[in-house]
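Scrolling down, you'll hit the structures one after another.
Shared chain: chain A. Partners: chain B in the first complex, chain C in the second.
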Partner chain A sequence: MQRSKTWIGAATAVVLLGGLLAGCSSGNKNGNNAQASQSAAPTASASASASASPTASADDKSPIKISWFVDQDYYKKNWDPVNNLLDKMITDDTGISIDFSSGTPEKLSALIASGDIPDVVTVDKGNPQRGVLEKSGLVSPLDELIQKYDPSFDVPKSMQDWFRNADGHFYGYASFFWAKEKFKEGDSIRSNQGLYARKDIMDQLGIKPEDFNTKEGMVAALRKVKDAKVQYNGFTVTPAYFESWVIGGFFGAPREDASGNLVDRERTPEMLEAYKFLNQLYKEGLMPEDSQTLDQDQLKEKVANGSVFAITNKNLDWSALYQKDPKALFVHVGPVVGDAGNKPYVDPVNASGWTLTMVNAKTKYPDRIIKLLDYLSTDEMSLNVNYGPKGAAWDFDENGKVKLSDEFNALNAEDPNKAKNKYGNGTLQWLINWTPIQRTAPVPVTADAIAKDENALFFAKLTYDMLPFESITPLGGTDEGGINAKVEENRKKWRAKMILAKSEADVEKYFNDEVDTEAKLGYQKLYDYQNKQFQDAKKALGLQFAWPANQK
Partner chain B sequence: MTVFADHTIYHAYFITIMRTLAGTALHVAFTALVAYGMSRKALAGRNVYMIAMLFTMFFYGGLIPNYLLYKELGLLNHFLVLIIPTLFSVWDMIIMMSFFRSIPEQIIESAKIDGAGEYRILLQLIMPLTKPVLAAIALFTGVYHWNAYTDALMFTTKDALEPVQLFLMRIVTDSGAASKFGAQAASVMPEEAKQISPETLKLAMMLATTAPILIIYPFLQKYFVKGVLIGSVKG
Partner chain C sequence: MERTLETSRLAVASGTKASGRRSRWKSQFALQSMVWPGLLFLLVFSYFPMYGILIAFKKYDLFLGIMDSPWAGLTYFREFVTDPNFLNVLRNTLAMNLLALLLSFPAPILFALLLNELTAGRFKRFVQTVSYVPHFVSWVIFGGLILTVLSPTNGVLNLLLVKLHFINEPINFMAKPELFWFIMVGAEMLKGIGWGAIIYIAAIAGVDPELHEAAKIDGAGRFQRMWYVTVPSIMGTIVIMLIFAVSSILNTGFEQIMVMQNPLNLDVSETIDTYVYKVGLQQMRYSYSTAVGLAKSVVALILLFGANYLSRKLSDNSLF
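Let's turn to the complex of A and B:
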């Protein structure tokens, strides 16, 4: 009797606690609902009268709350106009408070299916949900909203054209889009690819950057590093971690043939040469086997520990290494040219942006939201969302470059999270334009920042206009998207096979076998689609040839 | 310390603990109730129920229908959406049902002869005898609730309802994402470099979430070791 009493008692207690919590959360929800409906009522009437005369509502700053969904599930932002200076600035200037929610693309699908999407939706431009939203009529065409409520909103024409649908409208404002017509003197698109080597080890062993200009010279330099068994930080330094597509680009693998058709880089003779070269490096012990299995984070750890001599990936950040050892710098070397003597190229960063931000067709505040997008898309706001509000977190110095304020630097050095919560730096990047940020970046003063800047500028000169080629990526959820995913997965395996092959003859054999396996995966259908996209993009941009070697 | 720096993590722990306790207790109670009923031969239409339940076990409705269902029920953004969908599991019910069937009918008949009602038989006779299987199911459910984050991710947007797994996942993917997209930023803001590497953060997060389970498990272990059918009918 006693035992069952304790069981029942415990079970009841837990159920009651659960109900209590249910009461708590639902109480909050009801409270929020009441508040939202109260504030919605007066502002709805205000905006209703205001939208009748668009020019009169230019200064409508009545406080409203909008909901904004971002399909990047790591994103979290609590709107805090009291403590967060960026949020305070936005709310003071526009009257809008934003309630951010985030989730996976599947959650966005669920929201779409329920027919109840938030006021603003940010979606990755390659996701199938983008197509679904645009075709379903759930989001308003931005050009119509601009015409109706905010004709002064200047969206770069290249962005409008790039995202324009067959119905003639464009539906989203892109983040991280590089609009060439807006470039000022000295702006350029940079690259994440390059060839970098450790200066301190080079000085130690007497290697010069020019050694990396030829294949033989590079192999000799790497051999020196291996034979010397350089020790750093308790590790034996690995000579190289190279990516095959970067080396292929250095060898000048073309992406377009003489008649203007798309060429798949992976099947060119230059890429075969790159695989043979990397295979040679592997056989001599200059590039380890784990180069094919380590992921970016693990490679970054190795680079930050100082145990790598030469890399091709600019994203492997080595700032931590420099903090520990001011002599350890990665400087640009080479690039290495191939036997054919082609001009080397690197891929620039994606010019066509990352996410698209769209506006709900049924939102109560289309005029306020389009004005908010206008406000957030200015060059100065890009700087503000990246660094924090002007005046508090940064200001321009005499040369027009950004100078972070002392308070920001002090708080950031103490605890970057606290600085983020106070200044909001890097928390609202969904309409950001990186061009003004790059243009006004603080002049590098530390040796590693100077080196990085030099490295970036050096390889920026080797970029080509990749915009027509960006059109060939198939949208997720389509047949071609599925084939593309399978082909990419397949290529990873064959890449590893070729680089780790036992002989040069094997590399060639694998190279040809790969073509056969891809044909079985439906490669021809994918290629036809990509070539058509490529030709359409060239036509839209008014180009006959997109590959620099073809352009006379 | 970065993992614990944000005070929201304590609230996230609270949500996870509450959902684990409430969800596990309710799950075991509801499933045991059904399993007991299904184990008695006297239940009319037992086969029909069985077939219906098996059908749901093999076919899953999908994320979007579930989302629409919870929306209509008003469960979205409510604490109960973390508990109500998990209240009953056919698989666990089948396990319990087999276990209940192994208890000899004579015990129940003897209790009925003594004038016991159905609830008294269940609570005072059957439950104590089946502690091992209840503990086992409770452990599985407990671990499920402790690790669950997809339901919170899909069906809630409020910070106040974030379990600790979701909260920590955001920290880890944020730092990973920051290192990918912030590569451009890193050249402009060297402070980013001083932040802890993603690998370290991942491992710290793993420790923060598994440590409580590791602490609790030894206390539950003895329930598996206890024998079955203590003091039951001999011979």
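Let's turn to the complex of A and C:
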């Protein structure tokens, strides 16, 4: 009896040990995978071709399941071809079901380190993981896949060129990419920046949009709001929440000097002027202290509550406010111009897009996946992923504009989430092209939609071609990337200090201090890198000058 | 089970009397085997991964692997120490920890002592349970609650202070750098007091009641008994916790600071952990992050030994 108990004890220990070892063995396996992937890297294209079954017909629709990782933490999608019309449409058309997973960029790093990535990976083009992936051999060059399996896949040339690596290949398809060569009459790149103010309050106090054209006029208008102590919804209305970089853009802060070198906007006299101006607003109580502490969501809430008069960020969406009060509209005003009288500019949305979608070099279905990417990136599918499937959620009206179906509108008004679950609108935008959507946008009917349309067109005129400037963000893992992170972190701090400074002299002092601190952080090395990237980009685009004031 | 233990204890005695470790090991086989999983666990998850520390001295490339990455020597250590923000970051880390040592280290002890004096068992348990709850709330939520309470526009605290006419204008607490350390330490105290008290409550429960009775007979009041009986009895526990606290003086919680940070308090809120996260990990600069982590661990080890040595000399209480 005793003996058997001893052995039971020992056996338990062995089982526990076994459990531990099992844990390690799977860990080791991952390690081996990483090694395997290293050795597989040079032969990635070879293995890709080997795995393509020669018998696969041109339109193979046999049901398969692929995995797809998106490096956006918030993103969740359960593939549901039974209830979700968009998913059903895609599965019916291609035979493919997608198993989506998502997470932070750090999670993607872990996946890369394990050497075992999902069939498809979507990564923010600005994240350090992108460069690592492209160099890792874990993803296939898209150009090779296209040539082999889907020669008719028409990827815009500007996108190919923009994302082409030194090895001559490009590895990802970009979402929200604005390909100039595909533009038609009337297409334009829009901006998320601008200057907007509440129309109802302007009317109430006799403020006109032109008042915002000068610094003095703008201050006077904001003062009126403050002095009138406007109440809305029980809140005292705050005159302004402005972002320094937008104001600097209005003052004409240049990004390139006369000899074609990159200029860091943050260090221009125009930017100093912007900080002084915002500091003046702060000192007069026109822009509150919490403008520097609130995050975007908190600001959004304030705007939606109606307690803000003027803003510079279009993304602080005011739709919720309008739905409660049809008079509470934000309309475009100004824009304010600086002392030098420079032409004002706003940054357009990134022409080079948002995310890149790449294909695992070891996937079993390279042929099917590349065709799926082709399918999802067509103009019509861009509309379908944005609104839900054509026919069910929308259709073209007689003018070729999108008209949403009554069923969709009804369900969307009842519960937007229910509509999303049924129509899949806005749930799969990783290969979307916004140009066809903008081109066919429904004719605005509500006052809010009309105002937004006017706002967008107004500020689209103030944009410039930002593409050459979009390549200056250093790659992750590099020394320049580290310096850039430090400089950015530092700037957050100094920005707040300058805007909330006690006097104008302090603003100037901080402005110079910032330059000194950055020099110690290794700024010169970062600038040299960025300027080189900028010159290379201009060369690739065939430009001598990139800043509109320099272009003849 | 009881019988097994007993017999093996007997076996220990006889084993040592006979000759050598071998037979002792044999007779303790069942007991010894229980240690193996623990040892193996330590080996596999704590000691084996230490070879990864190598990347602190290399220019680590994910695809070359740890061994084949080129050497970088002390580059990354130098980068951190010569960083213009280094002193600032170090100051914040130390300041918040020293403040915590001063304020939130004694708090759970005091709480445990007071709780122990409660006579109503039901009420005592209730208070204890309530005090645990914040520990189980994640920092993102807890930090959000604190921010909401302190908000200048609709925060409870400001409303209260204004209505009671203590202040005329709401205070934007999170925009006042001079308050940040106190808010942070206060929030941590609030969240950790109940949880931290558990170990002291357990220690107090182990105090021999005869000591209390003897003190009572000698005419000691409640406070005297608390001070002269309970506190000395749990001194060993307190000292050990203090040694741990001292050795982790370079660590600050990470999430709580990230949640409460904003550009206005960055000067006082950036700590080693958050800074390295931003300029190291987020940028996939693993060598740099490891170098800082290693430097921190070495300092922690020195502090641990130092504190342990001092406490052994001064109070006869020590970890080892």
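As a working rule, the second predicted complex is superposed on the first by the 496 of 552 C-alpha atoms of A that agree within 3 Å, B and C clash if a C-alpha of one lies under 4 Å from a C-alpha of the other, contacts with A are read in each partner's own complex, and residues count from 1 in each chain.
Just so we're on the same page, a residue touches a chain if its C-beta (ideal position, glycine included) is under 8 Å from a C-beta of that chain, and two chains touch if they have at least 3 such contacts.
Because the structure is predicted, anything quoted here is derived from the model rather than measured.
Enquirer: Kindly classify A:509 by the partners it touches after superposition: chain B alone (first), chain C alone (second), both, or neither?
Expert: neither
Enquirer: Could you say whether A:486 touches chain B, chain C, both of them, or neither, answering first, second, both or neither?
Expert: Only chain C is touched by A:486; chain B is not.
Enquirer: Can A:109 be said to touch chain B (first), chain C (second), both, or neither?
Expert: A:109: touches chain B and chain C.
Enquirer: Once the shared chain is lined up, is A:476 touching chain B (first), chain C (second), both, or neither of them?
Expert: So A:476 only meets chain C here.
Enquirer: For A:314, using the defined touch cut-off, is the partner it touches chain B, chain C, both, or neither? Pick first, second, both or neither.
Expert: A:314 contacts chain B only, not chain C.
Enquirer: Tell me the contact category for A:129 with respect to chain B and chain C: first, second, both or neither.
Expert: In the superposed model, A:129 contacts chain C only, not chain B.
Enquirer: Is A:301 contacted by the first partner chain B, the second partner chain C, both or neither?
Expert: first
Enquirer: In this superposed model, does chain C or chain B come into contact with more residues of chain A?
Expert: Result: the larger residue contact count on chain A belongs to B.
Enquirer: On chain A, what residues does chain B touch that chain C touches as well?
Expert: Chain A residues touching both partners: 10, 14, 17, 24, 106, 109, 113.
Enquirer: Inside the complex, what are the residues of chain A that reach chain C?
Expert: 2, 5-6, 9-10, 13-14, 16-17, 20, 23-24, 34-35, 38, 41, 105-106, 109, 112-113, 128-129, 132, 135-137, 289-290, 292-293, 476-477, 481-482, 484-486, 489-490, 492-493, 495-496, 500, 517, 520-521
Enquirer: Give the list of chain B residues in touch with chain A in this complex.
Expert: It comes out as residues 2, 5-6, 18, 21-22, 25-26, 29, 63-64, 67-68, 71, 77-80, 83, 123-124, 127-128, 153-154, 157-161, 169-170, 173-174, 176-195, 197-199.
Enquirer: Give the list of chain A residues in touch with chain B in this complex.
Expert: These residues of chain A touch chain B: 1, 3-4, 7-8, 10-11, 14-15, 17-18, 21-22, 24-26, 28-29, 72-76, 78, 101, 103-104, 106-107, 109-111, 113-114, 116, 190, 192, 296-298, 300-301, 304, 314-315, 317, 319-320, 322-323, 349, 354, 386-387, 404, 409, 412-413, 415-417, 419, 425-426, 434, 437-438, 441-442, 446, 448-449, 452-453, 456.
Enquirer: Taking the complex as given, what residues does chain C use to touch chain A?
Expert: That would be residues 1, 3-4, 7, 29-31, 33-34, 36-37, 40-41, 44, 62-63, 65, 79, 83-85, 152-153, 172, 174-175, 262-264, 266-267, 270, 275, 278-286, 288 of chain C.
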